[in-house]
Structure formats: structure tokens, C-alpha cells
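Multiple structures are listed underneath, in C-alpha cells.
Each of the two complexes below includes subunit A, the first together with subunit B, the second together with subunit C.
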Partner chain A sequence: MTRYIIQRLIYLVITMILIATLTFFLMKFLPGTPLSAADKLSEEQQQVVLEKYGLDDPVPIQYFNYMVNLVQGDLGISFQFDNREVSTIIMERIGPSMQLGVQAMVIGVILGMLLGLVSAIYHNGFMDYTSTFLAVLGQSIPSFVFAGLLQFYIGVKFGWFPVALWEGWEYTVLPTASLAIFPIAIAARFMRTEMLEVMGSDYIVTARAKGVNKVGVVFKHGLRNALIPLITVLGPLAISLMTGSLVIENIFAVPGIGEQFVKAINVNDYPIIMGTTLLLSFMFIIIILVIDLLYGVIDPRIRLAEGE
Partner chain B sequence: MEKLLEVKDLHVSFDTYGGEVKAVRGVNFDLNKGETLAIVGESGSGKSVTTKALMQLIPMPPGRIKQGEILFEGRDLAKMSDKQMQKIRGKEISMIFQDPMTSLNPTMKVGNQIMEGLIKHQKMSKPQARKRVVELLELVGIADAENRMKQYPHQFSGGMRQRVVVAIALACNPKLLIADEPTTALDVTIQAQILELMKDIQKKTDSATIFITHDLGVVANVADRVAVMYAGKIVEVGTVDDIFYNPKHPYTWGLLGSMPSLDSEDEELYAIPGSPPDLLNPPKGDAFAARNEYAMKIDLEQEPPMFKVSDTHYAATWLLHENAPDIDPPAAVKKRMEGMAKTSGGSEGEQR
Partner chain C sequence: MENHKPNKDLFVPVDTTDTESEKITRPSLSFWQDSFIRLRKNVGAMIGLAVLVILALLAIFGPYLNDYGVYEQDLSRSKMPPKVEGLGWLGMDGTLSDVQSAATLEQAESKALMRFNNQEDFIETEVVNDGSNGEPAQVRATYDVYAAKDIQENYWFGTDGLGRDQWTRTWMGTRVSLYIAFLAAAIDMLIGVAYGGISAYYGGRVDNVMQRIIEILVGIPNLVLVILMILILEPGILSITIALAIAGWISMARIVRGQILKLKNQEFVLASRTLGAKDSRILQRHLIPNVLGLIIINTMFSIPSAIFFEAFLSFIGLGLPTPMASLGTLINAGFQSLQIYPHILLFPAVVISLIMIAFNVLADGLRDAFDPKMRE
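== the complex of A and B ==
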């Protein structure tokens, strides 16, 4: 097990280097330079600035320098945002995004699984149709529509929670709710399908034949077997939620990483683009690793040989 | 002999989009304490549904027990609520299933799966239950029980898993054990082992058994009495000797004739022509008439009642009516019956 994790961490480093390389060169293909917006500077002034940041070197040299700094943990400084350290800017920005993502994910998965379970248990009943209807709505209506509705009704009309900005916990409620709709819908639909399939399997009949009651059959025998496919879809979803939703962050004026990322790309702020890409990739790989390990926890058949 | 189970006029139907499928259409049988009854018949004849209905294990809906009584020690199981049945399932009646590859929960340790019933029905503490699990695993012939109980089903072979399923069924010393084709999914050598195990256990525990199978060889090996089912009804019932040496129903002849044997070389197997009737619209008269070369006019008009052949032997065929012509089983079947009488000269236990 430990060996497996170490192996995966080595892969992680290799993957990160590959991603850094690829992103670096792709980024250089972007039209324009960091100075595109600075047309008030004269040629000479521009040349001075380029030299200062090492942007007049040949691309391979720039790459080499960047990688050397990267290995030492230095992500460089931002070109456009007050020359601040890239790591500082990212750290400031990732907090709100992750908080929203984690909140939305936890609420989404719990509510979604409950809805799905209710659907499966009362299969083809009123509860099933209601929750399936809600799930289809949640999956097909874009989150910014919900965001707008929530802002108008809960934020403005009833005034229960603040409409936008980022000044405390109550400010997270509406964006979290808008973000959670999608995972609720996905979790509910998968849970329902999987649970129905599991409840029709032979070992459920075996459990019932033992005299296990309904609750025991569903939670002790059914749930765990229904979780594997759910985790497979929820993993990527978790990543996209935690790495910041551009739309939701904009609507609610949340100072998150998604918004920052897009701004940086528009103005060719290379160090920020690199730093953000690397951070998101890193989170992605770690979450995939966690999911792979979770499979083993849930299903003993996937568990790795533990060298006993 | 004390009666343990009496099934009276049991009807089970499934409501489908096409209409009501009458899977079991008036089944009557009884079972004494310690006795083994085999129920045989081809796929779709209602054997499994009948026994699953006894434990209310058919999916309801779409299934339902339409009418009839299931008297288990005098209590009518057909009228019990699910809550009441939970106290009976696994404790007084338990079931061994067909496919050991799918009938164990893949994410639960084998020991825990056996323990569940003990903790629920016998109110055992965990350490007590664990001790009993070790005993049970040893009883069903699984060595190294202490360690094996901590493993998951995928770490067991098919035969071993079926032993675990047997252990689960036996955990609370049930009065009635229902074995639903327990050897069908296993290969032949393992089949023999599991059958031997079940016979062994029955001797030790003295529980009554209903053994569902379509393998007549298995029947001769384990059963005291045999009920032959066709299209949701029992068409012939009798002791093993009655059914094997003196079968009366043409369907039973067909079943016996289609069974390969080892002692004859160049004989052709007898095949029953046609296929079983659609139970969405069961035919009028005798359901077997369309496939029966001895069918008479009355077979198409009226269902035959159970005719008494002897105190233990009954069959539902108009051929037993006093006005019916005297008909002998087909030659191939007759030869088979004679062959069986020869080989089974009191040494049933050896023919595996």
C-alpha cells in the first residue's frame, strides 16, 4: 500500500513536469506579449521591461530558467498585478474557491444521495417521480439561472442572505447553493440507478432471507455496493467545483481563482497562468489518487495486494 | 409424523404490462419434520416462485400471493406482514441459493455475513457469534475458519462460497431449509461435495428440506419424496420409488426419459416436444396436453384432478381415470426405469 502511494507520488512529479513544459510552450503561442496593453511605452522602454523580466531571451532559455526556479519552489512574480508574488496571489484566491467548492460538494453529495436513495426505495412511487423531476431540472438548468433566481428572491426580496461579495460566512450561502444544484442532481440520478440495480441483485435476496430488516438491507448491504460508480462521476465533479467556477464567482463577486485565471490569460501574465495551471493540475492529480484509494476502501475486490 | 408445513391451493401471480402472469396456479403439498421433498420441473414451471413465496421473497409488487394458505406449524405465512416474516426468515426457514458467485455480498466479510442472522435472531454478542461462525464454517468443511471468516467472498472459490451460503442458511438451526438449485451453478465434482455436505448436515440437524432441482440424478440422491411441477402446478407427487419406478404422468415419463444414464451406450435420449405454455394465458384443460402424445379429448377441455395411485402417490392425468385406455410409458422410458431399478439395489448413497 505504502509502496503504491509512493509510486503514485513519483508519477505525480513526472506528470507535473510534463504539464509545466507543455503549458509553458503553449502559452508562448498565445497572441501578444505581456506588454500588449502598454502601448504608451516607447520601443526602448518596452525593451528595458522585456529584459528585466528575461522575456527577450530565446524561449528554451526562458523555459530552463523557469523550471530551475520552479524546482526551488519559486513561481515568480506577476507581471500585471502589482508585481506581487504569484504564490501569494494564488493563495489569496484559492481559499474562497475551495471553500465554496467543498461546501457545495458536501451538501450536494449528501442531499443527492438521500434523494437517490428515497427514489430507489420508493421506486415508481410519488417520491421517486418528484425526486427524479428535481434531478432532471437541476441537471438541465444552468447554474447561473439558479444563481440569478436565488439572488433575486432570497437575496433581494426576502433579504435572508447577502446578494454578493465576500465578507463572511453568510456570504457563502447563495453561491454554495447555486453550485450545489448540479452535484445534487448528478448524485441523485446515479444513486437511484445504482441502488435499483443493487437492490435487484442476489445478495440482497440473501440478506432478506436472513431476516435483515428493510433499513439494514438498504444501508448495510445496498449502499456500499452502489457507491463505486457514484464516486467515479463525483471525482471529476469535485475537482471542477473546488478549482473555482468562473460563472458563479463572477455573479456573486467572489474573489476566487477562476476569475483570476481568466484575467491572467487575457493580459498574458505568464507566471500567473503557469502557477494557476500547475496548482489546478496538482489538485486534480491528488483528488484522482484519493478516489483510487477510496475505491479500495469501499470495494475489497479493488483493494491492492497488501503483501501479507 | 408431525406436519411442519402445509401448502394449500397456493396461487402466485405477477402483474406485468402484458397482464397477469399466473406463475403458480394452485399448489398443494405438505412436508413432515425432518423430511426432504424434492420439487422438480423445467425452467419456468414455478418451482422457485413457489418456494420464494413461502418466505415472501418474491418481489412484491409485481408479484403477489393471490390466494391460498401456507401453514407453517399452524401459522399462515401468506397472511404475515413483512415485519413478522423478518422473524421467521433465517431463523425458522432459511434458503440456499442457486449461484454462489452472486448470492454473497461482495463488500462484506464472510464472517460478518454469517454472523448477521445469529446476532439478530439469537441475540448473540459479537464474540459469541464469532465462536459460532467458526463452528459453522468447520461444519460446512472450510478449514482455517478463524482466518477465513475475515476474508471477502472473492477470496473463495465457487464451491467454497456455496459452503458459506450453506453456513449462512444453517446459522440459526432452521426448522425448514429451502435449497433452490444449490448445485446447478457448480461443476460436477463440486456438486457431489455440496450434496454430500447437505445430506450430512441434514442427518446432524434433522431439519426438513425442500430441494428444488431439475436434475433427477440429484433427486434420487437426496430426497424422500418428489413433487413434479409443470406450468405452475404439481402434476405428480410420490416417494422417490413411486416417481422413479412407477411414474404415472406422461410429463414425468418425459423427464425420466430425457435423463442420460451411464449404463447404456447407444440409446437415444427422449425429448419432450414443444415448449411450456405461456402463463400469461394458460391453456384450457390440461396445460401439458399440447405436448402430450397420449392426450385425449378431455385433456383439452378439463383439467385433470389428482388421482390417487397409492397412499403416497398421486398424479394429475386423465390417463388414470377408470374410463381411460391403459397406456404404458414409451419403450425408452421403460428401459430407463428398469435400468434404474437395477442400479439402485439399496446402495443409493454410492451413485454420485
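== the complex of A and C ==
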């Protein structure tokens, strides 16, 4: 197990270096300059600005400086906001994104589990068909379409929750709902399949034969065993939430990382694009790693297979 | 009383020879025939397939069904509501309506008229709440845009902010989505299957190197990779194609590798090799066909995610450039006037949702059909 973790950590470092390098060189080939209104500035003025940000150095030196700073946690200075460090901008904005992500994840998985459970218990009944149908809808309808519907009906027509901005808890309701719909659908479908399989197994029949009531069997014997595989979908779900936050934060004007990323792309703010890309990739890799390790810890069969 | 004895001539002894008892009476079904029969019994999957066929036909022929071009702008007919002869009961009657409320009935009425520029000749007002019960008075104004602008032809899906025909643009956008669907399937089938197959079949050092490459590629979020690719290339259908080609085949390669690793040491492969078959023949004729069911299922599941991806990129402005129509850009444009003209958002949103649902349902159906455990 230790060997496996070390091996995975080495891959993590290699991947991060590769992504940092890739991002750096891709940024260098981007069309457009970071100077706003470049045509209005004289050659000298442009030179001064480029010098200030170290953009006139040869590319290898820029790359070296970038990597050295990166290791020290310095992501450079934003072009867009004067003299603001990218790391501070990101730190300021990580809160709302995290809050939305965690809320959507928790709500999504819990609701999805319940929906899946109901489906499995009433297998092939009305409840099953309804929740399966809802799950297919949730999985298929793009999050931005759903966000639009919520904004229009709940935000504008009924006025129950604010349409956009970020000024308190009630502002998180609509974006969280838009983000949570995909996890709900995926968790529900997964839970249904797993639960049906578990409920058909011999130990469930034994438990029933011994006289355990149906509720006890479902929660004590069924749910626990069906939960283990659910961990495997948590990783892809977390990643889909990261992707989803890019659009959802823009639609609801949430001051988070996703919104900043899209904005930065539109104005060629290289340091912010690089910083956000690295952060997203880092979180992505960590999530995959944690899920893989967690899976091994929880399911003894996998740990045994690794040991062999 | 005499017992009635049956006549012995009525009975014929059973033929007990092997040829007779082992005879197969039903026609034998191959794996594919059997799967197809089960797929046909799946109502949801068949509806999904039908919806896809209809949408594909509309995407191909839809833009030619009326005379408006995709880029044909005319500000005098901007933001027209949808109008279809005979579909007025669906709300597609070419009118806009809005409810205004105010303290008194007169104020509410004048506000309702003002909402549509006081064009009284073309506005019908209807009192929703006359304000006598203490609540604010509410008046609904219904404005006949086609009559007011004196436009004779009908826009089936209405027009967008620049007066471009939404029907034509929606189906042009659907073409993009369907192109992406074919592309994603092709990439999965060609690159993913070949990569996974070669990696597993040759094993050893080849497998090691190829898997390390995959491990690094998997670490990079698809989205980040795609956005960076689109940034250096010009935004457009080509850059989305290239981006999908880089990132779209990894899960397929892993699945195919896992399956081929299981199959490659089985006797039928050994037999084929003993008979002198070349590696390429063993892969193409013996190994890949055995994994084909899984390949098809996985392809079907990667199609909706690719379609979503294109729409998503276009939605945040990294997909197709502005004048071109993609369902993502159309939806984005719809957002800008969502409150007053929801129809601009409605049609592209419905079409993309239908495409996604249809592909997902069909994929589910195929998975069930190919799964021998689901057999009754």
C-alpha cells in the first residue's frame, strides 16, 4: 500500500510539472497581447510595460522564473487588476466556489441515494419508473439549460430566490440546485443498480428468512453494501461539478474561480489563466487519488488485490 | 361395465435416435440477432431512436423548409415571437403577452399598454384582477406583433435579436451537435480501440509506456486541455474537433485494454496464432469483435457527453465564433433576453435536451440488450 501511494505521488508531481509546462508554453502561443489598447501605445511605452512584467526576457528564462516562483506558491501578478497577486485573487474567490461545490455534492449524493433507494425498493413500480425517468432527465438536460429554467421560473416568475449575485445564503440556492441536478441523477441511477444487485444476493434472502423485517434488511444489510461502489462515482461527479461551476458561476454571477477563469480567458489575463488551470488540475488529481485510496481502504478485496 | 380400451394403433413410438432428440427446432440466433430482438422490445430505446431520426431529418432538411438564411439579418423583424398556423393553442400564435400590476385598474391598464409601446390597435387587454379585493390590480396585455409590424410570413420558431430566423438557426445548430456526435463516436472507435487494443495485445514494455502516457493524460482535466487547445487555435469547428481528438478516447482505450488483456491468453487466440495468423489479423478478426458490444455501449455513452461539451464551450464563448449557429451559442443568446422573450431560449434548449435524452436512453437500451444477464 505504501509503495502504491508513493508511486501515485510521483505521478502526481510529474503530471503537475507537465501541466505547468504545457500551460506556460500554450500561453506563449496565444493570439493577442496582454496590453490593452496596444495600438495606442508607442513602441517605448509597450517596452516599459513588457519589461515591468518580465515579458521581454527570452522564453526559457521566463519559463525558469515561472517554475521557480510556482514552487514557492507565487503565481505572478494579474494583468487585469493592477498589482494584484494571482494567488490572492484565487484565494479570495475559492470560498464561493468551494461552498457551491460542497453544497451541490452533499445535496446531490444524499437526494440521489434516496431516489435510487426508492426505485430499488419499489422495483418496476410506479415510483421506480418516475424516479428513473427523472434521473434520465437530470443526466441529460445540460446544466445551463436547467439553470435558465430555474432563473426564469423560480427567480423571476415566482421570485422565491434571488436571480443572481452573491450576498447571503439565499443566493446560493439556485446555483446549488443547478449544479446538484447532475449528481442527483447519477447517484440515483447508480444506487438503483447497486441496490437491486445487493437485494438479490443470498445474504439478503438469509436475513429475510431469519425474520428481519423489510426495513431492517434494506437499511442494515442492503444500503451498507450498496454504498461501497458509490464511492467510485464521487470522483467523476466532483470533476463534473468543477466543469459545471464554470457556466453556473457565470449565469448566476457568483464571484468564484470558474467565473474568473472564463473572464480571464476573454481578456488574455495569462497569469490568472495559468494559476486557475493549475489549481483546477491539482484539485482534479488530488480528488482522483483520494478516491482511489479510499476505495482500497473501504473494500478489503481491492486491498488484497493490490498486495498480491 | 366394460372398460373402454384405446386402440393401440393411435400411438406411435418416439424416435429415440440422437439425430432426432438433438434436433434444434428454433432457428439459432447469433449474439447480434438476439441483442437486436431485445433492443426492439425496449420501448424507451426505440422512442429515443425515433426521436434521433426525426431530429436528424430536421437537421438535414429543416433549414431548406423556409426561405430565410442562417445569417440573414433584418432588424425590423427582430425578436418576433413564434407563429405557426394552426398551433395557436400551443402559444405559437405570434403574440407576446405580459401581466402588469398597479394600485388601480386604470394605472395597471396604462402600464400594460405602455409595455408594448402603446400600440393600442394591436393590443388586447384582459383584466386579471380588478383590485377590488384589496390586492393590486392586474391587467394582461396581449400584443399581436405580426399585425403590428405588418409581417405576412410566419416565423415558426420566431426570430432572434438580430432578426435571424430561429428555425433555420436551430437546425443548423443541431447539425453541429450531430457532427460532434459522429466525431466523438469515430474518435472512440478509431483511436480509443486501436490504442487500448495495441497496448494490451503487445503487453510488456509497449503496454508500460502507453499506460504511462495515459496516466499523465488522465491527470489533465479534459476541460482545461480543451480550453487551452481552443485558445491557441482559432475558435471554430476545427479546434473543437482537434480538442476532442486529443481528449476523447482515453476511457475507451482503458476499457478495451482491460477486456483484451482478459481475452488474449484464451485458447482461440492461441489456436489462431498456431495456424499462422498475423498479429493484425488476430486483433481485427478475433479480439476486437469479442469486445464489440462493450465498444458500442461505451461509444453511445461518450456521444452525449461530447455533445454537451461542444454546447458548453459554445455557451461560454469558446466554441463556434459568433455568426455561426450552435445550440450552445443560441442558448447563450437566449439568456440575454430571457425575461421578455423566453422563446429565443426555448427552442434550442428543448432540441439539445431532446438530443441528450434520446442518446442516453438509447445507450441504456443498448447496454441492457448486450448484457446476457438481462436475458429472460
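The rule is simple: the second predicted complex is superposed on the first by the 270 of 308 C-alpha atoms of A that agree within 3 Å, B and C clash if a C-alpha of one lies under 4 Å from a C-alpha of the other, contacts with A are read in each partner's own complex, and residues count from 1 in each chain.
FYI, a contact is a pair of C-beta atoms (placed from the backbone, for glycine too) under 8 Å apart; a residue touches a chain by one contact, two chains touch by 3 or more.
Not measured: the values here are computed from a predicted model.
Chemist: Going by the contact rule set out at the top, does A:L18 touch subunit B (first), subunit C (second), both, or neither?
Modeler: The answer is second: A:L18 touches subunit C but not subunit B.
Chemist: On the A-aligned overlay, A:W160 touches which partner chain: subunit B = first, subunit C = second, or both, or neither?
Modeler: neither
Chemist: Between subunit C and subunit B, which one touches more residues of subunit A when both complexes sit on the common chain A?
Modeler: Of the two chains, more subunit A residues are contacted by C.
Chemist: In the superposed arrangement, which partner chain does A:N266 touch: subunit B (first), subunit C (second), both, or neither?
Modeler: In the superposition, A:N266 touches subunit C alone.
Chemist: A:Q151 contacts which: subunit B (first), subunit C (second), both, neither?
Modeler: second
Chemist: Looking at the overlay, does A:F64 come into contact with subunit B only (first), subunit C only (second), both, or neither?
Modeler: It touches nothing on subunit B or subunit C.
Chemist: With both complexes overlaid on chain A, does A:F219 touch subunit B (first), subunit C (second), both or neither?
Modeler: Once the two structures are laid over each other on A, A:F219 reaches no partner at all.
Chemist: Of the two partner chains, subunit B (first) and subunit C (second), which one does A:Y129 touch, if any: first, second, both, or neither?
Modeler: A:Y129 sits against neither subunit B nor subunit C.
Chemist: Looking at the overlay, does A:T277 come into contact with subunit B only (first), subunit C only (second), both, or neither?
Modeler: Second partner only.
Chemist: Just which bits of subunit A does subunit B share with subunit C as contact spots?
Modeler: Overlap of subunit B and subunit C footprints on subunit A: empty.
Chemist: Within the complex, which stretch of subunit A touches subunit B?
Modeler: Contacts found on subunit A: 201-203, 205-214, 220-221, 224-225, 298-301.
Chemist: Quick check on the complex: what are the subunit A residues that touch subunit C?
Modeler: Per the touch definition, subunit A meets subunit C at residues 11-12, 14-15, 18-19, 22-23, 26, 29-31, 136-137, 139-142, 144-145, 148, 151-152, 156, 239, 242-243, 246-247, 250-251, 262, 265-266, 273, 277, 280-281, 284-285, 288.
Chemist: Write out the stretch or stretches of subunit C touching subunit A in their complex.
Modeler: Answer in residue numbers: 215-216, 218-221, 223-224, 227-229, 231-232, 234, 304, 308, 311-312, 315-318, 331, 334-335, 338-339, 342, 345, 349, 352-353, 356-357, 359-361, 364.
Chemist: In the complex of these two chains, what residues of subunit B are touching subunit A?
Modeler: Interface residues on subunit B, with respect to subunit A: 55, 57, 82-83, 85-91, 94-95, 97, 99, 102-108, 113, 116-117, 120-121, 152, 154, 165, 168-169, 171.
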